[in-house]
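One structure is given here, and the rest of the page talks about it.
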Amino acid sequence: MHEHPNDYIKPELMACCGAREIRDGDVVIVGTGFPTISASIAKHTHAPRTMLMQESGVYDARPRRPALSVGDPCLNPGAAMIGGLTDVMGMFLQGGWVNVGFLAGSQVDKYGNINTTVIGDYDRPKSRLPGSGGANPIGALAQRVIIIALHNTRRLAEKVDFITTPGYIDGPGTRERWGLPKNTGPSLIITNKALLRFDPDSKEACLASYHPGSSIDEVVASTPWDLKVADDVHETEPPRAEELKALRERIDTIGLIKVYEQKGYV
Amino acid sequence: MHEHPNDYIKPELMACCGAREIRDGDVVIVGTGFPTISASIAKHTHAPRTMLMQESGVYDARPRRPALSVGDPCLNPGAAMIGGLTDVMGMFLQGGWVNVGFLAGSQVDKYGNINTTVIGDYDRPKSRLPGSGGANPIGALAQRVIIIALHNTRRLAEKVDFITTPGYIDGPGTRERWGLPKNTGPSLIITNKALLRFDPDSKEACLASYHPGSSIDEVVASTPWDLKVADDVHETEPPRAEELKALRERIDTIGLIKVYEQKGYV
Amino acid sequence: MSKVTTMKQAIEAHVHDGDFVYIGGYICRPPFAAIHEIIRQRRKDLTITRSNATDDFDLLIGAGVVKRFIASFLSLGFYGLGRCYRRSIEKGIPHKIEVEEYSNLSLPMMLMAGAMGMPFVPVKDMVGTDMMKVKSFMGDGKYKVIDSPFDGTPTLLVPALNPDVGIIHVQQADENGNAQMWGIGGDCKHGANASKKVIVSCERIVSREVIGKDPSRTIVPGFKVAAVVEEPFGAHPGYTPGFYDVDFPFGSLYQQASNTVEGFEAFLEEWVFGLEDRAAYTQHYVERFGYAAFKGLQAGFDYGYPVSYSY
Amino acid sequence: MSKVTTMKQAIEAHVHDGDFVYIGGYICRPPFAAIHEIIRQRRKDLTITRSNATDDFDLLIGAGVVKRFIASFLSLGFYGLGRCYRRSIEKGIPHKIEVEEYSNLSLPMMLMAGAMGMPFVPVKDMVGTDMMKVKSFMGDGKYKVIDSPFDGTPTLLVPALNPDVGIIHVQQADENGNAQMWGIGGDCKHGANASKKVIVSCERIVSREVIGKDPSRTIVPGFKVAAVVEEPFGAHPGYTPGFYDVDFPFGSLYQQASNTVEGFEAFLEEWVFGLEDRAAYTQHYVERFGYAAFKGLQAGFDYGYPVSYSY
């Protein structure tokens, strides 16, 4: 079976959890950092035909250094296709071709809705955030959305201050009512403590597994809604040797992922 | 003043008449043959900043031989921009940037409507023609449309069998009622006998000038509707020496324009 | 994983009776090798589309593989009206096809809408003309006129098109189907991307590294492509910029042949059924017209400048 | 007729107080020379737009030239939130700008609609979220929801945008404004073509003959262009593919400076008001950071292949 080395950091575990969600041949829309690392692990392990694209218009880039934005210069040389926003966001995403999208946000709620617009009241904000960018359309149109979040009662919320990006919105049936494409929506929240999956009936994020070092009780206590626990809840599988090897030796040779520790993903 | 040599053929006169409609700086959408020759005369004489484009996606081509279609290979090398149909027909024409369009058709009626779809009944046609191609949008959206037609009672009509391309449709107010852009529509019909201009009130094509060798009576007799004659009707100015020189020595060095004589433009 | 295959296999696997097929090109890069193979495999009941159609669509109609045509235009251009198209509609030979009429603005916009996941698209042409009055197999779905909810202006909406398969011929592609094109584009990029899958025919298969040297030239990404076929001379008698010229004498030959049913059948026999693939076609061309004629079509060398995407 | 001019003259002639301005680029090819000149000329009440905004838009907002922002996103990316953007909205410093919120799908589609003469365009995002609930200066014109006349599905329509002027930075253009670009495009092509006139800033002016060697690279035709300005290093601290890299240390410098109002004002004084044009800016860059730093930004040579359009 798989070998599981012990010398990993939490962001590495999280990246491997994301990678395992990807199926061979998936078309994945990624931002910089975590999503790229996660999708690339899949490409270098069980899903070699994974294809990555960035919203800025790049498909199948071959960066020689880690990209620090979706417009990074290193995404240009060697890519298979470079167009513009209407190519990737229009032709590929709205066209229905994107299997997986990765998103993060300042707040994430139990229905997988994401806030990247404003903390506090929209008109008199405590903090003005960047806005949607590509997040809303990715949340609306990608078949499976993987959300990265810090697990605490500030970043997770019963209800976000502002729904920038749709998860299941108000719960069952809401996406359908708004005419969002069938079989789309968030599939997983990866936090630094656990994996939360969405109940097919209630559309609420439920505890699927807790990471090594955490526990069901700790996760429930850190979640600001009445977190349901899956019947088959278990400990998250730690990074596999081959996943870590791909991550460290082929994808992120400069240890960019350690930035996430500084951001609190511990 | 202008010198007017006598050794011209009718299609040359017609091409010069078209050229004189073009103002310096006009963006002109052309098909092959006559329109290109006509617009190019303008570019080589009074309107050097005339810019030509073809519906296939080509802007400011520099063909080294006469193009025989809007997709001709000779339109590629040296053009200033090559895109696709949505660039020229969408961004430039529908975007409102085209000043002049040239059109021809199997039938043209008194309101400048053009038929390139079918002779006879649509469902049981005597003759199935090519269809709209770029004609309908050019007729709908170019600011000034110049129509080329054979002057006889078969090619001119009180009412075309099928309106493929809108002139003034049913007369005054119809274009406006359909929401076609303001200040668009046919401005001139150039035939082998005369120039017909559209009355600003009735929107009917009226006799503006008769070509040398023709007469008011001949033109009226060859026109299948009750042709109104302009107050200032006069003989058409023959080709100027510099127009003929540009046509023969710079634009159409192989005498392609003579084809129009074989087509009846005599 | 390579998608490289033969045209025979590509058409067998991906073009089925009754399919809705987008076929790119207009004199520039028509995928004639694929078109001949569709006829050779005697597909039937196809719905075909593209803006500006010419000898290639006339051939498909004459060969009887077409049931429906979403059209903006069909003629032989310099050589006059499409003979097979006329015979089909005027005389029902080999059968009467159904035609849905659009224009060279509306139809490319409908393919663009299909490519971009838009359900419909507003256009400013067609209104007020008899183009509005004739509706064929698309019925009330041909278009809708609404009052714009923004300013009340009557606005024509035309529906998105999403063909079952798109077929294009380009200068180069890699084995995954990343397809690169330059020169007159027609509605190729949108037509291919609107399709549920794409067959890429190309003058030459290049490495992924060559594609990556100039990614802004790519018009279709590999993930949309089902099959890649290297078919040099694959657009003849049309042309491919940088590779070969349009074949005017062959256009005349087709005009003459298609003037009569017998002539057209003989043409099909000689140039389609009698030849197993594009290599045999090219050999037949050289034998029939001589190497000098073949050589005369080859493009001159007039190369531009390389660019760098480096940082 | 040459349209080549200086940035000073181009902005004086073509960007007016109260104008609606499209500004292209996103790290890749932001027209910073033009942006600095707009600030230097103390324009006011501008409405600005583009999908994905970063330090360039933050700078314009902090400098007080902006009244309204048709937005999808603004942050300093790697360097966190836009400081000036936050101060404007949270504290009204220098004044509170009005923001109309869209996404990186809707906004580029609205520019595409503007470029293509479409009055509006259907999009599939935004629905169901608070993006629908916040409306600013566009009011009820921000969007409309209709039942599709084709199938009754609720469909979101967003309006076309047609800025008064579009400003882009590209690799090369000729003196008439035919502008060629490669690499990440963002919404540049549609944004520029949606605008009533275009200012083209470029790394190098080339001859019409060079443009004609590769016409498929052209994104804006000369007839739309009002002014052409050769501005080498004109996108710094952003990058231009094939010319120079993004300047990460400078991004950090801007982050630090813009942390406070005083720091931001000092930055403006040093890098905008204190320098008369991009040549002076570049000289100041070399003097301040050293030639080695400047040289370190210059792009490597990694040229691709030329192609031929011949026949």
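Labels for the chains are A, B, C and D, by order of writing; each one numbers its residues from 1.
Everything that follows uses one rule, which is that contacts are C-beta pairs under 8 Å (C-beta built on N, C-alpha and C of every residue); 3 or more make two chains touch, one makes a residue touch a chain.
What you see is a predicted model, and the numbers here were worked out from it, not measured in a lab.
Among the remaining chains, those touching subunit A as well as subunit B are C, D.
Interface comparison, A-C versus B-C: the pair with the greater number of contacting C-beta pairs is B-C. When chain centres are set by their Cα atoms, the one at the greatest distance from subunit B is A.
Subunit B and subunit D have CA centres that are 40 Å apart. The geometric centre of subunit A is 29 Å away from that of subunit D, both derived from CA atoms. Counting partner chains per residue, subunit B has residues 58, 73, 76-77, 82-83, 86, 90, 93-94, 141 touching two or more of them.
Among the residues of subunit C, those touching two or more other chains are numbered 109, 116-118, 123-124, 153, 155, 182-183, 185, 213, 216, 239, 241, 245-246, 302, 308-311.
An unclassified topology is adopted by the chain contact network, corresponding to no line, ring, star or complete arrangement.
Chain pairs that touch, as defined above: A-C, A-D, B-C, B-D, C-D.
In the complex of the two chains, the subunit B residues touching subunit C come out as 55-58, 68-73, 75-77, 82-87, 89-90, 93-94, 113, 117, 122, 125-137, 140-141, 162-166, 169, 174-175, 177-181. Listed in rising order, the residues of subunit B touching subunit D in the complex are 25, 27, 49, 51, 58-60, 62, 73-74, 76-83, 86, 90-97, 141.
Chain contact summary for the complex, subunit C toward subunit B: residues 26-28, 51-52, 71-75, 77-78, 81-82, 85-86, 89-90, 101-106, 108-109, 112, 123-131, 134, 153-155, 182-190, 239, 241, 245-246, 248, 302.
Subunit D makes touch with subunit C in their complex at residues 109, 116-124, 141, 144, 146, 148-151, 153, 155, 157, 159, 171, 181-183, 185, 210, 213-214, 216-217, 239, 241-242, 244-246, 299-311. Partner subunit B is touched in their complex by these residues of subunit D: 1, 115-118, 174, 176, 178, 193, 208-209, 211-213, 215-216, 218, 221-224, 308-311.
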